[in-house]
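Note that chain A is present in both complexes that follow, paired respectively with chain B and with chain C.
And then the complex of A and B:
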């Protein structure tokens, strides 16, 4: 009673601060809603009895329950909002397709929101410039168009966008366009060298 | 052909193109490559950089990457080989060669289209007319004359005699020319040596484009210093080049003496100072450093009890307590530390070590990091030839490449540790070689074998480290030997390379550099001929012709042939 359940939800949120997506706590949310309903009913009853019988001693109780209600509401909203923020970040990080394990942990409404967000982001990015612009590509402005990379495994031939073929052998070093080798860096074929 | 304007004929050609850069395994090449990389980064020149260990590696790497390439830059590799013959490149491929190995292959020198040499021309190169003959149609006119037989007999005979005479004359000339050519080629290729450091050439390029910074300058300094340490150039040339570099140092580090003008402590400052020839003493203890530096160790004869006493005498003369000498230099008493260099120089003079100082450069950034060019060159070399097995050889090449950046000081520190281990191994091995009298004189040269199974052999399976050991041994032997002739003798040294395949690494070094024909090394050709005579299984893979690999079993017959060849 009195906001303990909702605190658990907030704590859960706190534990997933590193960006991991915990499963949607439907049970917890339902319990909080039930608690709020019970609080509201009791308040309603007390207010009615006050009005009918003129007892003023119940006011402080009503006041307390009302604060609890407001707190519960705020915490619930925080829970939902922060989960949405995580989902939005994941859209920017992983692209339009969510990994399966993340998808499992979403509630239906959250998933709907994700698809809608996806759609509006895509249409916005299409409208930019002449042929559209992928905003998720470089979130911080890159220092240079070219970067120095080192090959970690024998990858074989790699064709760049302008058609030149580069042989990626282990322990060779290359100076390439950032945009072209970014996905290879993500795959762990190349290593970006900072110096 | 030699490139006259390195900026116009080399850099502007490769601008906005893709370049393959091949770099050999030595410190100078690494420094040159760092400079070139910095330039390429400025102008967004896309490149692929591949380290090459030897000639076979060189051919393999080229054939792997040759597709769609037009420009190849080679640093400290390739000039001594006929590039077009060996690599069989497409016709549109241009090679830019920046190599300090000498002698250069003459086909490279006189190829006008595909091979461009980024170095200054040398006088010793024979003239084109003396080596190549353009007129192939020598004897053709004679044949044409022979076929028409319409003249009367008498006339014909006279004419024949004429022709015969002319032909004889021509043949004689041809023979003379051939003999002359042979002699010239022999003289030219007899000795192998080294030219200007590749890092210096690259720095020169950076300077001409006004893109030189303190970092690039530092790499050029390290490259030059490495050439001195591995005795590729003699002291005089070093001093000359160092003075040249000092001008750049002064230009880059010129700030007023006033406090407010001085740059922030975190930026890099290079200074030109005279430096003790003690290996790594700033990162070691003074005592250890004195013991392991070739100059002090050989001159004080530290391999004998008497020599060891002399070292203690030397320290006593300096007036530094033993306990201070034996602890880390950085932890020494401040009062002592500031003065120790001066005391050392004064005492060294008394003990006949006049040449203990040599002009060199220091780099400082931050309060903590102060490095001497000697130490950095040692450190990089040790990383390059690391005997740890967690990475491949190329992996250690990249480590060495990284450690020159200012952000990777921890890697350099690791290199310095490795270098200390190398020095310890070297000194121990020299000691045991001398104690067991394993340096043997074969009349015209000395030789020493490092036996399998001795504790430190793995360090000497690397060419530069074996070369360092050989020079150390030779100097120590000359100082210890009563035989005056020993001073003029070169040394051949072998060390086990790979126990499984049973191969040896053989390196030949010229006599001590105090003599006149100092940096000239004739072992390249001698090894080749001795190998041919005995049909030993030798492998000339290294870019240095005086370093070869050989099968274990062939050693005795190879050395017999070498002895008979050189006497």
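And then the complex of A and C:
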């Protein structure tokens, strides 16, 4: 059946809807492109034989194949587009450096896209106000100035804004300014204790 | 509105700081809510954002002059955090819309006449252009380049997502509005549906007909 391979790609997207990054399915993409080429060649051949031999019964086949081609194109682009959207979200979650396991799953071109996106975003954020504004901070409405956090991993020393150095050891609890440890919470170093 | 903001910037050095800064804050909060609930990108309020950022800087320098342990510090810091959240959220929402509807927005921007105000600030425009170029290049280099010749075009007009202007929104009228046309398709028709908006009343209706009222600040989205 035509269009089945591209459906697999779309299904893959659907399965990773929780925002995880699956490896770029290079093989799948190549197969879809091959299928498109085969469909196109077949169509060209049919068109030629229609023109030369005057057969008119081939039109419906050509039409069907063309629809398949369009569908393949559309689904393939959707696959790429949605992967970009996931990469974009990762930029906002993890900052400008991707974790190694995510990076592994990107294709070369996707990584290029990420680098460029990073650059555009950084220059946009720098242009805000006089000294720039980090839009990835302050993601949730502030409820209180200080929050209680628990360390989930050994992170080492952490210097707060006023110069005090605290040691973030696994399972230790701290009372910190929310604005300063927000990025650590998002990276999974700290956990916000809600009680 | 622009002239009013200039006054505010100048007055900041005076004693009336509190009062006028509060005005700016109120305006930015309204812009934030409108942006949050409108399906389409609204006009950029970058001058308000800049105002507010300056204000934050001033507050921060005030705080650093305070003695350590002064209870006013925590109150002011909390206030700064809140303002910063609103600003960040506002700009983030706009950026999200730009990324999602970049084709649509850039097309409108190109078709815009010189006397119409731009919906994008200069920085946002630069970002949108870079983003569009980057994304389209990606599509082309990965997939479209390898497709049959008649399918290599990226038909953005057909494919790119458009903001859903028919979405329903909650709104509150800030002033009395009479004869608001809510079925523009029937403009010449005798049966064209018009309604009056009472001041302070709340409504739920389609975004498209009231889009211009949001721009004029005659209604607020809630």
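Convention: the second predicted complex is superposed on the first by the 142 of 195 C-alpha atoms of A that agree within 3 Å, B and C clash if a C-alpha of one lies under 4 Å from a C-alpha of the other, contacts with A are read in each partner's own complex, and residues count from 1 in each chain.
Please note the rule applied: a residue touches a chain if its C-beta (ideal position, glycine included) is under 8 Å from a C-beta of that chain, and two chains touch if they have at least 3 such contacts.
Source: prediction; values computed, not measured.
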Quick one: classify A:97 as touching chain B (first), chain C (second), both or neither.
neither
Using the touch definition from the top, say if A:166 reaches chain B (first), chain C (second), both or neither.
first
Now for A:194: first (chain B), second (chain C), both, or neither, which partner does it touch?
first
For the three-chain arrangement built by superposition, which of chain B and chain C touches the greater number of chain A residues?
C
Would you check which partner chain A:84 touches, where first means chain B only, second means chain C only, and both and neither mean what they say?
second
Touching partner for A:178 - first (chain B), second (chain C), both, neither:
second
Please indicate which partner A:135 is in contact with in the superposed arrangement: first for chain B, second for chain C, both, or neither.
second
Determine, under the contact definition given at the top, whether A:73 touches first (chain B), second (chain C), both, or neither.
second
Determine where on chain A the residues touched by chain B overlap those touched by chain C, and list them.
144-145, 177
Of all residues in chain A, those that touch chain B in their complex
144-146, 148, 150, 164-167, 169-177, 193-195
In the complex, the residues of chain A that touch chain C are 29, 33, 36-37, 39-40, 69-70, 73-74, 76-77, 80-81, 84, 88, 107, 109-110, 112-113, 116-117, 119-121, 123-124, 127-131, 133, 135, 137-142, 144-145, 162, 177-179
Could you please specify the touching residues of chain B with respect to chain A in the complex?
18, 37, 40-41, 44-51, 64-65, 67-68, 392, 394-395, 397-398, 401-402, 405, 407-408
Touching chain A in the complex: which residues of chain C?
49-50, 53-54, 57, 68, 74, 77-78, 81-82, 84-85, 87-89, 91-92, 95, 99, 123-124, 126-127, 130-131, 134-135, 138-139, 141-144, 146-148, 150-151, 154, 159
